[in-house]
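We just call them A, B and C in the order they show up, numbering each chain from 1.
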Amino acid sequence: MQDLGIEVLFQGKNLFRLLEGLWVTVRISIISVLISIVLGIVLGMIMTMRNPFIKIITRCYLEFVRIMPQLVLLFLIYFGLTKMFQINLSGELSAVIVFVLWGTAEMGDLVRGALTSIPKHQYESGKAIGLTVVQNYLYIIIPQTIRRLLPQAINLVTRMIKTTSLIALIGVVEVVKVGQQIIEASRLTTPSAAIWIYGVIFFLYFIVCYPISILSTRLEKHWRN
Amino acid sequence: MDFNFVKEYIPHYIEAAGLTIRIAAIGISLSILLGLLCSIIRYFRIPILHRAVGIYIELSRNTPLLIQLFFLYFGLPKIGVVLSSEACAIIGLVFLGGSYMAEAFRSGLESIANSQIEAGLSLGLTKGQVISYIVLPQAISISIPAFSANVIFLIKETSVFSAVALVDLMNVAKDLIGLYYKTDESLLMLVSSYLIILLPISIVFTLIERRLRHAGFGN
Amino acid sequence: MKSSEKLVEIKNLRKKFEATTVLEDISIDIHQGEVVVLLGPSGCGKSTLLRCINGLENIQGGVIILEGEKLNEQTKRIHLVRQKIGMVFQSYDLFPHMTVLENIILGPCKAQKRAKKEVVKEAEELLLRVGLFDKKDVYPRQLSGGQKQRVAIVRALCMHPKLMLFDEVTAALDPEMVREVLDVMLKLAKDGTTMIIVTHEMQFAKAIADRIIFLDHGKIVEESEPNVFFSSPRTERAKQFLNLFEFDAI
């Protein structure tokens, strides 16, 4: 029988190893997103301040992180920091740092956008019915902000998961790297492994990201009405 | 910082930047065409094609470009389809960019109120005339912010082409770090190159958006 | 102004939205130069009737005939029929990316393929008549609601329509702007334009109409001259409807 190549998936623990690699990917994304959300909310609130000095600083940070490709940021942290401070950062830690830098910028801008998009009369009508400042935020402003924010924040999660594929390029052993190892190991026995392994990784990413994307669009539609 | 080293290797970066820009330009132009086509198919709900485009968009938006490239570059040759690095890069970028552009244009198209179309029809314009004089001009200007975000996103994505052996900016930097251990200098030139390419584009788009918003023609 | 020549014939028109019948067995003849006002509570189907006449809705039964030509949405020539009908909407629907003048000349130039120079001249004359000549090069967003609506009327008029349809054109306007739009319509009526008007302005309806058609639940309930309709409506439903617009002291 002709070598189909698909059996490479079922040899040894290959499929299991891929899934383990996928977990590394997802774990890094989740950790980064959680930290980014916290820091992003802080950054977003700072960005609504009127102080011109703060405005310039945050703006520069935001623009730089957004303009630089994530791979460049990874190189900067992984190779640059290591050399500059003579410390040895693991690939995984570098990845989390980069994703937090990037995620905080994106979240910060989302938070700023959500905060400033709440019309002034919403603040005023809360006051008009006699709510205290805290109650006003608690019952009126924050719920509306979250509705605007959450779908985009969830969307950021999928973007991060997709971007984590890049960390294979700085040597982190996640799903892509595991795939490369399997292809390498079965080069002689299953020469066509590459198409199967990369095909499977393609769909693994899809299976993880698609439900999150759907959740994000559903929430957005649901809350828009 | 070894500035002689910087001076010596600047031409390498310029050459690589040229390649990055060229591939990005081709890829993005084709993405725009593919995106327009897909958004029109989605907007008019053309049977069968509508479904196919929907599946394509979801697949493309929910998978990383790197994997798409690896599949093209390392996977496909195993079934006899051998593509050059450049071909892989362009196909990959268009596969990714097409769906992003399609979504940008589609949200523009869908934001045109039905009453605008009816107003056009009641003037006795044909459907084609309504689309070309009333729907498209408005849809395009509405989708410009999303469109410009996509252009910058796609240029940034070209950085992963180094992984399929294209001698782009990333690749040059990686080589210099590996060969000479000139990390600071290589990274500085890398960052500067991307800033030089992307900052002007980002600024131009911001200006265009600001103008559009001021000249905004909301009712 | 009314002549004996029939411009529009509507026979046994039936319109459904899925399961609900919106218009049932509507038959109306409209003569050259006549001004017909459609009245009725909201949801009675009067706007839908206007939209059917302009072929914006497909119909499930009956016929609409304009100058002897049958009208249904399937006809390839529907856009040619529409060129003979001008329609003005509640929400103005000027094209926001075009100046006032561009809005007006789009139809005549592109749909009717008339010479631009001649169309521009006519558009300017019409704008002069509605007092908006100085606004010809501004964009719609710079206009007030009343000005937008007058431009929308001019846009329809510039097509030389045989028939004008007005769908609650003052409903979205601030009260002080209603008059300027109604005045334009009164002028048109005086000039002998054939019009079908849906409105909630009762005084205006009384002043402009040659005939009032009162619709309720998708059917024609009463059809009479304005004097008769407003002073002594024949049906209970019309009486109730008119009472909505009366205020007694408490």
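The definition used in the following text is that a residue touches a chain if its C-beta (ideal position, glycine included) is under 8 Å from a C-beta of that chain, and two chains touch if they have at least 3 such contacts.
Given the structure is predicted, the values throughout are model-derived calculations rather than measurements.
Shown here, the protein chains touch in a chain-like sequence that does not close on itself. A simple rule picks the central chain: find each chain's mean C-alpha point, then take the one closest to the mean of all protein C-alpha atoms, which gives B. Note: centroid distance chain A to chain B, computed from Cα atoms, is 20 Å.
Between the CA-based centres of chain A and chain C the separation comes to 55 Å, rounded to the whole angstrom. Chain B and chain C have centres, each the mean of its CA atoms, that are 47 Å apart. In chain A, no residue touches two or more other chains. For chain C in complex with chain B, the residues that touch the partner chain are 54-56, 79-87, 89, 91-97, 106-107, 110-112, 139-141, 148, 155-156, 159. On the chain B side of its complex with chain A, the touching residues are 58-59, 61-68, 70-71, 74-79, 152, 156-160, 162-163, 170, 173-174, 177, 183-184, 187, 190-191, 194-195, 198-199, 202. Across the complex, chain B meets chain C through its residues 113, 115-116, 118-126, 129, 133-134, 137-138, 141, 215-219.
Taken together, the chain A residues at the contact with chain B in this complex read 5, 63, 66-72, 75-76, 79-80, 82-84, 158, 162-166, 168-169, 176, 183, 191-199, 201-202, 205-206, 209-210, 213.
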